[in-house]
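Sending over a structure as structure tokens; questions will come in a sec.
Each chain carries a letter (A, B, C and D) given by its place in the written order, and its residues are counted from 1.
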Amino acid sequence: MKENILKWVQEGQISFPSVLLTHYKQMNINEEELVLLLHVMAFIEKGNAFPTPTEISARMTVSSTKCSDLLRRLIQKGLITIEEEYSESGIRYEKYSIEPLWSKLINQFLMSENKQQTQNQEKMEM
Amino acid sequence: MKENILKWVQEGQISFPSVLLTHYKQMNINEEELVLLLHVMAFIEKGNAFPTPTEISARMTVSSTKCSDLLRRLIQKGLITIEEEYSESGIRYEKYSIEPLWSKLINQFLMSENKQQTQNQEKMEM
Amino acid sequence: MKENILKWVQEGQISFPSVLLTHYKQMNINEEELVLLLHVMAFIEKGNAFPTPTEISARMTVSSTKCSDLLRRLIQKGLITIEEEYSESGIRYEKYSIEPLWSKLINQFLMSENKQQTQNQEKMEM
Amino acid sequence: MKENILKWVQEGQISFPSVLLTHYKQMNINEEELVLLLHVMAFIEKGNAFPTPTEISARMTVSSTKCSDLLRRLIQKGLITIEEEYSESGIRYEKYSIEPLWSKLINQFLMSENKQQTQNQEKMEM
């Protein structure tokens, strides 16, 4: 029993800003793409920063080909990037970065905040 | 600036066990249903425990009719339930409970853990 | 076994911005006060927004009198406030708000960010 | 403005099971030790798995000597361990593991759950 709870705890939590859930639609992200982004975050958290479409699709209800397409689309939309890094022993490797997602999400959030403030001001001036 | 960060912080975080992300597929949940479950969790967290299909679909890329269908399916699959409660002043109200989801997820997790242990044992006995 | 994991999951997670951990010292908060703040957050999350010093001290290694002192000090420092609200049936009740903590934390964060940027600029100009 | 929110988001969240907050007292952990454990978790999360007492005390209201004492005490209590590992290029390094903390916490949680169930049963039999 104890081992199972320990295993559960070690698997950890996925945590992300609620704003992503309330704003992904405006960012032109659909549900499949959102879940793919969560999978990429989870893999990065676990130390695998460049999961293959096969690894990701093993956890999704879509094929690995569809997974490749979705990844390509997220890169084209500028939500994730592929970064090149060098390991301690000089070997080149690639990894996903989701920093562009947060950057775009903050833009979207600030835009909708400003819009709301303008609307509130207009109401008050009427 | 400060107000915008404060607003962001107040919106809070969505946090759920990683095991949900690695096991929803085996639980016969697809990506659209998973995201709907996350929306229901987020609404409950914010104090709205019985969001309407219209409220949910406003944040999703699916219509409110599709949202109703998805909710019905999740109830049929025994992942969420509708509970009746009475407010302080005696008014009956309904709310979603996602406890069945956690219960089923734990079952799934224990099943896959046991399966893995059996496989490991079999390997050692070979 | 299953019931125990379910209970664990239902107890949930405490989640707060990492910036609090890296900046509480500069905000003139000590470790005892920080933990008290976490307890208040946890009680609020569980629906008890005005825990008594006795309820809090039951979970801490300090007496309930010491707990009262700590709460008073946090209020004096402007980190938490007591808000009055009215229930659905018109009964007045009190609750803690930790919004001032987030507001002060953001100030502290922006101050240290600006300081760092100024230092970087000075270095570049030398 | 945007850069500051991005920086805040990148700093991330600290997240831990609520059970730790409700049970550390019974585990003979005091508030200072709890906060030290949170600092160690935060450093590990950021990729520094063996922070020095000086690095930790820079964020705490205690001296680096006191920090060393606290770390030693946590190791003696069997809550954290120091693990030896080898880097990709064969260099030996040390890192903290907080797995023993979770293991002990689960024990404490199961003990208090069983105790409560026994008490409930006794009440029913009276």
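Definition applied: a contact is a pair of C-beta atoms (placed from the backbone, for glycine too) under 8 Å apart; a residue touches a chain by one contact, two chains touch by 3 or more.
Bear in mind the structure is a predicted one, so any value in this text is a computation, not a measurement.
Participant: B-C versus C-D: which interface comes out with more C-beta contact pairs?
Facilitator: Counting C-beta pairs in contact for B-C and C-D gives the edge to C-D.
Participant: Have a look at where subunit A meets subunit B and say same if over half of the interface residue numbers show up on both copies, different if under half do.
Facilitator: Same-residue interface.
Participant: When the C-alpha atoms of subunit B and subunit C are each averaged to a single point, how far apart are the two points in Å?
Facilitator: 27
Participant: Taking the mean of the CA coordinates per chain, how far is subunit C from subunit D in Å?
Facilitator: From the centre of subunit C to the centre of subunit D is 18 Å.
Participant: By residue number and range, which residues of subunit A touch two or more other chains?
Facilitator: In subunit A, 1, 4-5, 8-9, 13, 15, 17, 106, 109-110 touch at least two other chains.
Participant: Line, ring, star, complete or other: which one describes how these chains touch?
Facilitator: complete
Participant: Show me the residue ranges of subunit D that touch subunit B in the complex, using the header's touch definition.
Facilitator: Answer in residue numbers: 1, 4-5, 8-9, 13, 15.
Participant: Which positions of subunit B touch subunit A when the two form their complex?
Facilitator: Listed in rising order, the residues of subunit B that touch subunit A are 4, 7-8, 11-22, 25, 30-32, 34-35, 38-39, 42, 45, 59-62, 106, 109-110, 113.
Participant: Please name which positions on subunit C make contact with subunit B in the complex.
Facilitator: Against subunit B, the touching part of subunit C is residues 1-2, 5-6, 9-10, 13, 15, 17, 87-89, 99, 102-103, 106-107, 109-110.
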